[in-house]
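What follows is a pair of complexes built around chain A, which joins chain B in one and chain C in the other.
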Partner chain A sequence: MTEGNGLMLELKDVHTFYGSIEALKGISIDVREGEIVTLIGANGAGKSTTLRSINGLNHPRRGSIRFEGRDITNASPHSVVKMGIAQSPEGRRLFPRMSVHENLEMGAFQRADRKGIREDMDRVFELFPRLQERRTQKAGTLSGGEQQMCAIGRALMARPKLLMLDEPSMGLAPIFVERIFETIVEVNKQGTTILLVEQNALMALDVASRGYVLETGTVALADEAKALRQNEQVRKTYLGED
Partner chain B sequence: MVTEARRPPLPLLRNRPSFTTVGGLTLVALLIVWLIVNLVKTPSDFAEIFLIGLTTGCIYALVALGYTLVYGILQLINFAHGDVFMLGAMMSATVAASVFGLTSGQSGVVVWLAVFGTLIIAMAFCGTLNATIEFVAYRPLRNAPRLAPLITAIGVSFILQNVGLAWKGPNYIEVVDVLPKSQVFDIGGVTYTWNKLIVVLITVPVLILLVWLVERTRQGKAMRATAQDMDASAMMGINVNRTISFTFLIAGALAGAAGLLYALYVTNVRYDQGFQLGLIAFTAAVLGGVGNLPGAVLGAICIGLIQAFNEGLTWHAPGSDWTQSIVFAILILILVFRPEGLLGERTPEGG
Partner chain C sequence: MAIRRRTGFLDPVRERVEVLERRVLGDDAGPVARRTFNRGLSAVIVGFLGMLILAPLYGFSVAAILAWLVFVVLYVPPWEVIPRVGRFVRPLLALSLAATYPFYALNMFTIPIFGAFPDVATGVKMLVFAMMAIGLNIVVGYAGLLDLGYVAFYAIGSYTVAWFASIQFAHQNIHFWPAGVPSSLPGIHISIWLLLALAGILTAIVGVIIGLPTLRLRGDYLAIVTLGFGEIMPQVARNGDDFFGTGFNLTNGPNGITPIDSPGFGSFTFLAGHGSFFTPDRLFFWTAILLVLFTVFCSLRLRDSRLGRAWIAIREDETAAAAMGVPLMRTKTWAYAAGAFFGGIAGGYYASFKSATFPGDFFFNISVLILCMVILGGMGNIWGVMVGALFLEYLDSEGLANTGAWLNSNLGLNIDVPKYEFGIFGLILVVVMLFRPQGLIPSARRKAEFEVGVHDEPLYNATHG
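Right, the complex of A and B next:
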């Protein structure tokens, strides 16, 4: 935050490759403190790759990523978590043979403050009472919606400054989708900045303050969420309106 | 609640049992009949052989756990593991004789201290060796197709065998014979000697320590998480590379403990023993369900018992010439009938 304008995360001209395939062709994205920023776009547009570039699982070949003024372009995944970025990955990726409780504990792996961890556990159970009912159950046996709650809860257990959510609504019944988005807003109100990747562009733009539209590895549009909602092209392509 | 309502009723299975099922059950039935006949004919021999089987099973268990730990985390069959065990046995033989100056037949407190010291050195040596192998030979291939590290593992196995060959030559080397062979008990003609009991007495605490480490410690949690989902573990802030190194360290240390026990119990070591014992221990790991820790111990004790019964029983036992054939026949039968092993679960990611 050396810039003094609340700039939290800054991607500048990021190029990321899978082998010889260039998945990101120069992406620049800003996230300011307290915001909900959403990345929308079709399958293969580079949304998840953007998150993998930030969290250190796929280092960019060119460009830079800064978090709170520090360069994290080539930081290892565990040090990125330590700096305050946590993620709920696409497809939940829970530890299937661990209980709900253990999964949540794994989210706090980097932390040593037992008292704070217990408080955050209570907070997660408050957000998702269903998880408290299932706390001793193996995560692999939960329903899709419960797994998503567990994945978000697990990421929150890191007490992150920036929470990255990858497709939190994917494969969920509409009632769960609404519940998840309510929670996202709630978590944001409690002070966590959120970077939200979504295919459900309508819901995402409803809760976000700003949005980026990705197309084949580049930023096609960047604007206030309200403006994107009105944008002719976005409405046609991503919101299914004509 | 919703999920339960959606579950369809179980279909009634009235299929005729397949040929393979009948064949497998027949084999198991024959085995049980054979054991019972032997038990009735020579009950005291049977009990003594049972205890011998338990003892060798303990050594197999320590090695099998190494296979299972590494497989669980990397889905890699570390073929070099048996040879790490062999070098551990050689190291133990050398340290016990040269560093602690033990001689055969020696007894007293000094022997126990020296054995304990050798145990620590062997475990540290094998643990470091195994972690180094991972760093040099497997880590650069982490993102390569699975076949590549497997072939590398076989290569490392040959390298270690040749290190053993160059170090100690092609013949059996004698190990100091210090474990007392006096009797612990003699009940109705069934005897158990101290050298066997010591193997069990060292194995059990090591196993308890391992369970505690995996279940209770932070590092153990990191190991379990990494075994279940490597990327997700990294996202939780787990240092995946360090966790994998640690796993190899633990697996190597177990092989080192097994090496010491083997050297002192069998009192001879040769460069190719790691390969043979490694294959037996690998079979034990598969029998119990590869990736499953209690399964590896159970599988190892089963294999130890089968070997002892085969070599020791008198009524229609195939005898020691057939031990290896029987062990590998078991490997094949397990892979055909129950690929997830005795205690393994069919997990979606385990395939």
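Right, the complex of A and C next:
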């Protein structure tokens, strides 16, 4: 795998700490252009920490992160966003007192092309017609599913090259989960590379091309999504099959 | 921190008003009609109480009736429904009332308990503090950064003007467009107008210098550091007559710097005035109004800018803001600089008005006073903050003394009421927080914060930007 192959994001032996707690103990992950890559693993395995390391909220103490050939190991969150990585963070983290519309605008904070922003706003409303109906509503009063849509839409407003989603299906009814996953595939088809963290391993492996299984801060398994679905251990632990 | 409004004991009144409202307006009146009705009702009640209780005690006053009429015109009609010009009606009316105040200040009636209307010189002080409060509101109300040392910026502004428009540095003899200063006078004498700009800029730079290391801190820590900074300032001023033991007299120590040049043009100075129309107080008063207008204008523009949106985002959720690409440090530092800028100008202007600056003017209690103004009026809302500032500064300089005199003479007491100023302000604040935690005139956004009941989640560390 070289950059000529469309290698977009590359984590090499990343160690990230919270104080003295080592949450990531040497993680290496690749994401190629156009892919959907999924990170699965038990609670506390370090999935969210991996995303936070990438977008600059928690800098790794060791190891390196490269995006499109540039080193972003110690980059600040805003420069990471500017380079084209957007995130829908764990727990959505909308701005609760801003309207849906304002939240979406915040997603485009780093951009100055008004016309493009308007186009993307239309696109988000096309993906989530429900958001359009609720445009002026305060985000904090949206239902869980609507909030998730808003969070994904907000991340899309950055027109990212790489979209990172942290548990987009969390707490949603099955019908909503399906809707969200359809949207993820749709967004990917429109040309956005996706790094997807999921508890719902079955669905995640269905839409992803490759997957990584994290275990207490290390990569336990890395393979094609299809192969992981067949993997005995994964089936037992994460897919709830015997 | 979901704070609910506690208005339980007013509910029966409210219900009755609603019944009355429905009887008068019908069941499906629009919100505008209903608000107008409610406001009209309050105006009638206020007028009625005035007639019933105050008039027999104090006698009928034409001025009071006129004032009530002005209040009705300002408050009751739904001016904002007039397209385009409607939303300017209230501010413009209020502005013209303020601008003409020197002409009728002496003809006003006596407010029960509070006493006479403030004189024009007090008006200048009130306006200066309004300017400072609006500046602090950028830091506290917009960006949500608790600054307990705002007085430091006021001090820096004051001393900037004092240094460059007095005989403090007597071995120098630099004159640059001062007003009414003979060229033989030693010291540095620069035009006050230029110095106000300089004070603003210098203070903003200091704001940035202080901001860069401290704004990485969150909440409580930031408050403590700013508190320390605010405490250091008057000490530096007090001991600055022998600057770091070098013998260099920077601040003239506890004696302060006085006199300070007055603003003006050429040989015409505010201090001397011109005839009976342009009295010194009036000149200072009108200029203060212009400065407040400038502050309000800038503050509104900032609020509606991209930067303003970023401030609100940081206030709501710092981590999410960072994840959206808001550069935290830079954005917060701008809030600091902008707040400091107006504090500096206000401080400089006030020093020139008083013609003096002393270390004792810059103690911690002034920081608290300005913060109270912001909170009382309604954080984030310029009009609320302005009302809060004007009211508290009025109490500070005249109101409390008047009230004390009234109490003592009517109840046969002998209390020095102004001595308990901060206790009284604390009490006012507690009462307001209990019954109207969003402040007297909250911003639409803040109001939502109290009504929606959504709350902040704990954050992890994001200190970059």
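In this text, the second predicted complex is superposed on the first by the 240 of 242 C-alpha atoms of A that agree within 3 Å, B and C clash if a C-alpha of one lies under 4 Å from a C-alpha of the other, contacts with A are read in each partner's own complex, and residues count from 1 in each chain.
Keep in mind that, in the parts below, a contact is a pair of C-beta atoms (placed from the backbone, for glycine too) under 8 Å apart; a residue touches a chain by one contact, two chains touch by 3 or more.
Just so you know, these numbers come straight off a predicted model, no measurement behind them.
After superposition onto chain A, partners chain B and chain C are found to clash with each other. Within the superposed three-chain model, A:Leu57 lies in touch with chain B and with chain C [touch as defined at top].
Once chain A of one complex is fitted onto chain A of the other, the partner contacts of A:His78 extend to both chain B and chain C.
By the touch criterion stated above, A:Ala225 is placed in contact with neither chain B nor chain C.
By the touch criterion defined above, A:Leu156 reaches neither chain B nor chain C.
In the superposed model, A:Lys138 lies in contact with chain C only, and not with chain B. Comparing the two interfaces of chain A, the one with chain B and the one with chain C have residues 55-57, 76-78, 81-82, 87, 89, 93-98, 102, 105-107, 109-110, 140, 154, 158 in common. Those residues of chain C that touch chain A in the shared complex are 306, 309-310, 312-313, 316-317, 319-328, 445, 448-449, 452, 454, 457, 460-462, 464-465. Every residue of chain B that touches chain A in the complex is listed here, in rising order: 2-3, 218, 221-222, 224-225, 228-229, 231-240, 347-349. The residues of chain A lying in touch with chain C in their complex are 18, 52, 55-58, 76-78, 81-82, 87, 89, 91, 93-98, 102, 105-107, 109-110, 138, 140-141, 154, 158.
Looking at the complex, you find that chain A touches chain B at residues 55-57, 76-78, 81-82, 86-87, 89, 93-98, 102, 105-107, 109-110, 140, 143, 154, 158.
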